[in-house]
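In this document, chain identifiers A, B, C and D correspond to the written order of the chains, with residue numbering beginning at 1 in each.
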Amino acid sequence: MSEYVIKNGHVFDPVQGIKGDKAEVAIKDGKIVEKAGSGAKVIDAKGMTVMAGAVEIHAHIAGPKVNLGRIYRPEDKLFTCTPTKGMERMGSGNSIPSTFKTGYEYAKMGYTTCMEAAMPPMFSRHVHEEIRDTPIIDEGAFPVFGNNWFVMEYLKNHEVENTAAYIAWMLRATKGYAVKVVNPGGTEAWAWGLNCLTVNDPVPYFDITPAEIVKGLIEANEYLGLPHSMHIHPNNLGNPGCYETTLDTLKLAEGMKANNKFGRESVMHLTHTQFHSYGGTNWGDFESKAKEVTDYVNKNRNITIDTGNVTLDETTTMTADGPFEHHLTGLNHLKWANVDVELETAAGVVPYIYSPNISVCAIQWAIGLEIPLMMKDPMRCYITTDHPNAGPFTRYPRVFKWLMSTKAREEQINAFKHKDKVLTQTSIGSLDREISLYELAQMTRAGPAKSLGLGNMCGGLKPGMDADVAIYNFNPEKPVANPDDIEKAFTRCAFTFKSGVEVVRNGEIVSTGHKRTLWVNAKIKDNPQVVRDINEKFLKYYSMTQANYESLGHHFVPNPFAIEVDAT
Amino acid sequence: MTKIVTDVICPFCGTLCDDLEVAATDDGKKIIEVYNACVIGTEKFLHSQASDRVTRPRLMQADGSYKEISYDEAAEYTAQMMAKAKKPLMYGWSSTNCEAQSMGHEIAELAKACVDNTAAVCHGTTLIAVQDIGLPTCTLGEVKNRADRIVFWGCNPAHAHPRHMSRYSIFPRGFFTGKGHKNRKLVVVDPRPTDTAKMADIHLQVTQGQDYELLNAFRVALKGEWLPDVVAGIPKEKIYEAADILKSGRFGIIFFGMGVTQSLGKNHNIDEAIAVTKDLNDYTKFSIMPMRGHYNVTGSGEVMAWQFGYPYSVDLTRGFARYNPGDTSSIDLLSRGDVDAMFTIGSDPGAHFPFNCVKKISELPSVCIDPHLTPTSGVSKLHVPVAFNGVEAGGSCYRMDNVPIDCRKVVEPPEGMLTDEQFLIMVRDRLKKMKGVA
Amino acid sequence: MATINVNLISGRSIQQGVAIEGGKEKPLYRTACGIIELDPSDLKELGAWKNTNVRVTSEFGSVVVKAIETTQGPHPGIGFIPMGPWANKIINPNTYSTGMPTFKGTPVRVEVAVDQQVLLGIELVQKACRGETV
Amino acid sequence: METITITMKNQPALYLEADCVSPDAFAGMTAAQIAELSVYEGNVTGTLGKYFDVTGSAGTTAADTKIIVRGDVKKVKYLGMKMSAGEMVIEGDADMYVGAWMTGGKILAKGSVDAFAATAMKGGELTIEGNAGNYLGAAYRGDWRGMSGGKISVKGNAGSDIGMYMLGGEIVINGNIDVHVATHAEGGKVVIKGDAKSKVGGQMVEGDIYIFGSIDIMMPGFKPAGEVELEVEGTKGKFAHFIGDMGERHKKKKGQVIYANLYKKI
């Protein structure tokens, strides 16, 4: 494997506390090393910004609902499909890119590790086939547990150990990475056309509340000591006044402590916080409650969050929150897809246009920016667009621009049709914080890596870590003349290295690297009861056999990277 | 001695039953018996063992006779054809695994071809409708565990998906459906009193070609609005009654088939059926599902979508993907004379395309990759027999509800026979060389 | 000779399913698909016994199949030929620019053709491609 | 206004994709430059000059450019695609996508055109003296934003699915139409002077259809709402009025439900 030494660049690495100093980064055998050999290839990064490869903590990039979005939105691709080009396969899709384009676009922006945020377990083979066809980036996928019949039956009786054993089985069967919860109990209720809008709404038939599901899953997660915390999309997403449900959900983590060997301190990750920080009682008095939510998170160190920034684009919403998508199609009358998955979950898909001429969309945009600007610890707040829900991930550089430049924010606020309403219903106009490059590295690298339990492997440039490096044509010593220069610089890397392989040069793909699938192999004590329960559910209620459910052979995950956990 | 292979997947229809058991000889060469399969599935496994099976590629000669050639020669012939053509059509894909489909897409990309699957003559219009108004659907286990209202509209599972009714839709007892079929109301809409219709609580014998009108009447009836006395041959009282039955269930599903996708109205029949389903969700929970035909037509759509962005009828000739059934769809391409080479795999357009298209195929340079002798192999210049996927080769497949299931290999193919994927790799490698691609 | 006009639909039958897996070069395929299922009242009007060969002709083509009494009736006015090359010789190929031919709903004329043969599947397609009468 | 004439000299073996044939693409070019523009036959890229003689010269802007298309272009797709201004005259029959995605200018097709003409049209005029194919003035697959402006006139007949997802603008057909018209429309006006078959106005939310001839089968979702005297396209007469699609969702304006209207001449 080639050796490289990156010289003269301004390095930003929260793991080592380097804040823009000119430092050398050496690469050997796929890892960052103290010093490369004399034959190492020299990359001159003079006047450039050097960071670790970015880490995506929450995006919908592979699997059945993503592909349903592709299948049912030919208009999302019209006139924009791209040809075969050098190493690149043909590409397609704006809000829902094809797998190939997904890999290329992330790599070109300097992202090297990405998490698919919602894997319906029964469809894990599909998720992994798409992951396999997504080049370059390392990927993991979070199976969803919040509406799973086993989980609800065990936690009804507070059987944490059985829940943990079931989770361990499921992570193995699906090659999953973490415990994802979406609208706990609400999606099961949706199977009957109902919902759970608060943490105390009972789940029909199962005699359990969302609060009990959430608490129990945190306990099971920490019982196992998984690398990532329980990752939650709470009840009542997207409705005026939903912040109260969000605070009720966050409070469920009070007093809980992380238990793991990965350096993770959080027990709950609240995702796409923007969608959960709404006040008001209707769309007319809709307002931001970003302050209330971030105040709580600032005070409680066992919680991490990501933002879910609205990018003001036409996009495709998709979530395991089935009832929400049904609600949304009622609002915008656009095409509605829904898939209920036996014993496990559901998903919905609806196109959405975040128009700068609609006040609610502009307020959503503002809330998404308020959250990171109000968060005191950038190591606990990560930038996402909940791709493609609040906007496509390809807009990250634009979000960075808004966060790094008050001027860019002002320009956008002035362009809104309902500017005054945005200013009265949010405090975006009074926030003059500008996110620094170091903070950006915390919010997009070191922070999400730590929350995922990957802090020793990626998200930093410390010797011994994976050699994932992004070099941007952005000179931190020069004042930014035009905020658009920020967006431009972060859109196409000068260089991207993935596990020590140069994959991007001058914004073009030069290698498809050695993509890995990350999953968690949790060892547990033998649990005959859970084994029996699984057998029984397959015999009676699943529509496929257990043997076929568990068959996820090498051809689905050709390059696995298992993170071992021992909970015996 | 025999060995029993369990959890075998049936590679016939979109029901993709995965509970078959196959008894094979110890050396894994011969199938002795097939258990749990329907009569069609059983035939599929047993026919693979036919003694008169063609096992080597055959090239048609000028006089119409066939000459046996090697797989190498066949791969070379195929690659040459793909390299020379201005607009080759690569059609089929529904009776092979996703790995072969993926390899075929690489060839299509290199050759800048049109790629289409059997949805073109089956549920292509469903896909158009889904693109227009969406699709509230579910997995088949949801139907088994919850459904108390079942509608079969323009489909006849008693004939086309024989185990569907016992495994998923009418008879099984599930978590919330402990009484099986006793708690389910069955509505069948079909212009014939089919064997499925004979089991129904209500059979609406719709006038053929007027499903769109009847579906529209259902939407009107659900809203309690005015209806003409008779719609599509059905008195309005019966329509109101059926609409009430659907509304009053806890969980309902509409299964539909080629009776609506291929009749006048086409995509709009499905469009309106989906609208009915969407409307019913204002009153209760309702889903809708196409009864997909080939066992892996769904998989082909999935792979095509994640790789190119569209589920079928993809045109790559300009070097990037485009899609518009009516222009880029197989039947229109052939009818209009807009292709100059035909590559068929995992399907039989010779039997299932309108004759004007079959005649066109017979006039073009053509390759047919299929384990069987078929009308397509009979009119193609080159026939490449391959191993039976799902019997002699495994690989990823997708059930009609998009659930992925990995097919199993049960026995070895006859000595020296290649799988679809193996043959396609040979073609791809040659095409790469011809095109000067590393 | 009497002729009748019916609305032709094609579609699956379980025998068709078994036959396509059993081998399309075999006579069983013809037995399963080289037929037209007619309502007894239509057979009567045609003046034909069950299991008589008939010629079915549409605007788009013509084919000889065996007329049998419907297995899933009554459906007066509707003729059913299982999907396959026999049906596809005469169905309406118009896609209305949707990509989908009109496999169901083609007006056809049926006439008795006792002295004409129903061809095997592959043979039928090959002959028809050569422009011969089938 | 300058005129440029392209005359078919070498027929394509397959079909030719000539999306460069529009005033926007030609503007500011000499005949020689225009002859170098790319056209596509399958996966082979050629020049316009390989298939057409190009004479005359283009204006400096699209608005100053008139294109005359001569010879047999029955196998040429995308004539006038995305044009925004200027004029085009197609003297014979043309294939699919004539004036697709056009936003302005005028196209006169003296013969017939095949399917997908004026897809998602936003403005301008398309006049067809022969017949029009299917999906005239319809939306692209999956898009809910169909024709939103401009006018389409057809002297002959038109095919199925005309005006699907129409939002605005006008379509006038002098002859007969096939099944499905203005399906899913949320605005716009369609006038059929001849006969319609069936599935007229299915799933219509808003908009108006006028039919002078017969309708084979009415949609059950259209409810009789009396008779009205109207003057449509210069013809005065009595029309039966229907409102619908009663099965579809509808907007409310000032407390009143707004239905789509179907007027059938009595």
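We take it that a residue touches a chain if its C-beta (ideal position, glycine included) is under 8 Å from a C-beta of that chain, and two chains touch if they have at least 3 such contacts.
Computed from a predicted model, the values in this text were never measured in an experiment.
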Chain at the geometric heart of the assembly (C-alpha centres): B
Selected pair, greater C-beta contact count between A-D and B-C: B-C
Between subunit C and subunit B, distance of the C-alpha-averaged centres to the nearest whole Å: 22
Distance between chain centroids, defined by C-alpha means - subunit A, subunit C (Å): 56
Distance between chain centroids, defined by C-alpha means - subunit A, subunit D (Å): 44
Approximate Å spacing (C-alpha centroids) for the pair subunit A, subunit B: 35
Residues of subunit D engaged with two or more neighbouring chains: 115-116, 134-135, 140-142, 144, 179
Numbers and ranges of subunit C residues touching at least 2 other chains: 96-97
Subunit B, residues touching no fewer than two other chains: 128, 131-132, 264, 316, 319, 323, 325-327
All touching chain pairs, where touch follows the definition stated at the start: A-B, A-D, B-C, B-D, C-D
Contact set on subunit A toward subunit B in their complex: 62, 64, 66-68, 70-74, 76-77, 81-84, 89-90, 92-93, 98-100, 122-123, 125-126, 129-130, 133, 149, 190-193, 205, 326, 329, 335-343, 346, 349-350, 540-545, 547-548, 551-553, 555-556
Sites on subunit D touched by subunit B in the complex: 13-15, 17, 40-44, 77, 96-97, 115-116, 134-135, 140-142, 144, 165, 179-180, 183-184, 198-199, 202-203, 217-221, 223, 245-248
In the complex, subunit B residues that touch subunit A: 6-7, 9, 18-19, 98-99, 102, 109, 127, 130-142, 144-146, 167-168, 174-176, 250-251, 278, 281, 284-285, 287, 301-303, 305-311, 316, 319-323, 395-396, 398, 402-406
Residue ranges of subunit B touching subunit D (in the complex, touch as defined): 85-87, 111-113, 128, 131-132, 210, 212-213, 216-220, 222-223, 225-228, 231, 264-265, 268, 271-272, 275, 279, 316-319, 323-327, 336-340
Residues of subunit C that touch subunit B when the two form their complex: 7, 9, 11-14, 16-18, 20-25, 60-61, 70, 72-75, 78, 80, 83-85, 88-93, 95-105, 121-122, 124-126, 128-129
